[in-house]
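Common to both upcoming complexes is chain A, partnered first by chain B, then by chain C.
Entry: the complex of A and B
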């Protein structure tokens, strides 16, 4: 089956930042987490998918269609939730719905009312009077009420309390019971993704460091810990983000078979969390010993 | 396109009420003064300005371009909607001002103001098209806060042009150029106003294409 989203060699240079040859593929029925530190290129990627900024090169296909030539058709089936509130502050939720709904052919008023009830959102309240969490819920209600197949979310959980974050993840999991749908979810809160993401795409400095299923990534990587004497050059060449201290070292590797054959049981191996993979991949090797 | 205009009406409905109150105030104040001849124009023009520029400023303030461009609509349609809404809001302002004038006309009392006429409509359209034609590309370009100050000055300049023109014409009626225009106005009563309208429509179209070019190349 055609992927719901395919990004191929996407590049865009700004004055002080470059998104460089980003590629990712999201099949239908899955959630992909787009992770990376602040300023890594997550929002730029999402904006390019939404055609909000121009690209220098590359292709984006949503539902198998080019996102520039079939823009209107594609956006009928995309739900979006952004990191900030970009709605009119002085209008009520009802009025904002009146502004947004007529643009969608498949707007489902009953579904929207249901989401307002479920999310405890008063229709007559002004947007400026909503809390951060309520604004995100309202964005989500709008995004889910026009039968969107692809949901793009840019840092929807940042700045939200754990209870609401958990609620949001449950809602997304519920949505994914329909296997025609797909969700691309950018965040730097990796614990959220570990709960719900099927695929992970890690972006750093505008480049994709890895993109794969979360299960494969977990299998591919190992945290290696051991005494410093083991750190001779052939071992170092297989490790990333080596941290050394007075007692030994710890590092990440994706060359698991090679490192195990070199170090066998002289080292300790652990499966890393997503957070650890990102931290070790993103940092430079260094000595952190106390002097 | 209709959705875009409806959106602006939702956003500016308070301004419509304010415009109604403002036009009542202007007609009451000016019905018997030097401004009496142009009170309809001034009221309709000021009301159009408040609604049109108010809508643009609301969008600017809330950075709503991001949401608008995420909806199933093209950038070309967004620009077209904005320019079309100028015409719609001007028409609404003229209707409101005209109805207020009609009510004053019908109610017996001291405010027996004349009815709105075609000349009022044409001159208001000329003024609004000129203002919007210059202002809208600056908003699409998002030049900066100072542009709001520039637009206020532009508004005031256009606001007082009709009365200045009338005063100048009265004072300099013997001058060959003014006399020539007066003869032309008598000979072909609609020629001057319709010429002005054509020129402003041309400016409005040029302005649309400039705005479109700016908006198509914009990053959000």
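Entry: the complex of A and C
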């Protein structure tokens, strides 16, 4: 089956930042988390998928269609939920819906009513009086009510409390009962993704560091800890983000078999969290011991 | 069917699911033909990714514990009684092997172990 989203060698240079040959693929029926530090290129990638900004090179296919030549039909089936508030502040939810709904052929009024109820959104309230979490939910309700198949979310959980974040994850999992849908979700709060994401794409400095199923990534990496005597050159070459202190070292490796055969039970091994993988691959080797 | 997942367990989530469903089949809590939740439903309920629940089912299928009929869902497979007995025996064997290893380390003789086993078997 055609992937719901395919990005190929996407590049765009700005004055002080460059998105460089980004490629990722999301099959239908799955959730992908787009992670990376602030300024890594997550929002730029999503804006390019929405064709809101110009690219220098590369291709983007949504539902198998080029997102430049088929922009109109693609956008009918995309739900875009993003960080900054793009609603008119002084209108009610009901009025906002009346502005948005006519743009969509597949608008489903009954579904919209249902989501308002499910998400506890009062239709007569003005948008400016909504909390941040409610605005995100409203934005999601609009996306789901036009029967979007691909849901793109840029930092939907940032600035939200844990209760709301967990509610949002439940809503997304409910949507994924339909195996034709797909969700691309950017965030720097990785604990949100560890539970429900099928795929992770990690970008840093405008480049893809890795993209794979979260299961595979988790199996590929290990945190290694041990006394500093173990750190001779052949071992160092297998480690990333080595951090040394007076008592020992810790580092990340994706050469798990080699490291285990070299160090066997002289070191301690742990499965890393997504956060740890990002931190270790993002930092330079360093010695933090006192001098 | 019960599935309790622990984040503190060293086993990955798919492995915890596989083991728990397998043991419920071996113990007879789940029997041939019983319907299992769909992969997507299991993922939603346990709040795990679809790929994780899919992997658990794939491994159970590979080991002959469950079957998936496309369009109908997944079911506990018809277990060959001999095979089932073999699987049960190997489950016990593995655990006994652990006990034997521990006994040797702790200096418990085969005779003592046999006695202990007899008493325990009668008590339960």
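Basically, the second predicted complex is superposed on the first by the 289 of 291 C-alpha atoms of A that agree within 3 Å, B and C clash if a C-alpha of one lies under 4 Å from a C-alpha of the other, contacts with A are read in each partner's own complex, and residues count from 1 in each chain.
Here is the rule we go by: a residue touches a chain if its C-beta (ideal position, glycine included) is under 8 Å from a C-beta of that chain, and two chains touch if they have at least 3 such contacts.
The structure presented is a predicted model; accordingly, all values stated were derived computationally and were not measured.
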item: Joint occupancy of chain A by chain B and chain C, clash or fit; value: fit
item: Which superposed partner A:102 touches (first chain B, second chain C, both, neither); value: first
item: Residue contacts on chain A - larger count, chain B or chain C; value: B
item: Touched partner set for A:213, first chain B, second chain C, both or neither; value: second
item: First, second, both or neither for A:75, with chain B first and chain C second; value: first
item: Partner chain in contact with A:197 - chain B first, chain C second, else both or neither; value: second
item: For chain A as apex, the angle formed with chain B and chain C - C-alpha centres, to the nearest 10 degrees; value: 150
item: First, second, both or neither for A:173, with chain B first and chain C second; value: second
item: Partner chain(s) touched by A:91 [first = chain B, second = chain C, both, neither]; value: first
item: Contacts of A:52 with chain B and chain C, given as first, second, both or neither; value: first
item: Distance in angstrom between the closest Cα atoms of chain C and chain B, superposition on A; value: 28
item: Doubly contacted chain A residues - partners chain C and chain B; value: none
item: Residue ranges of chain C in contact with chain A within the complex; value: 10, 12, 14, 40-41, 43-44, 47-52, 55
item: Touching residues (chain side chain A, partner chain C) in the complex; value: 29-31, 169-170, 173-174, 176-177, 179, 195-199, 213-215, 218-219, 271
item: Residues of chain A touching chain B in the complex; value: 47, 50-54, 71-76, 78, 80, 82, 86-91, 95, 98-100, 102-104
item: Chain B residues touching chain A - in the complex, by the definition given at the top; value: 2-3, 6-7, 10-11, 58, 61-64, 66-67, 69-74, 217, 219-220
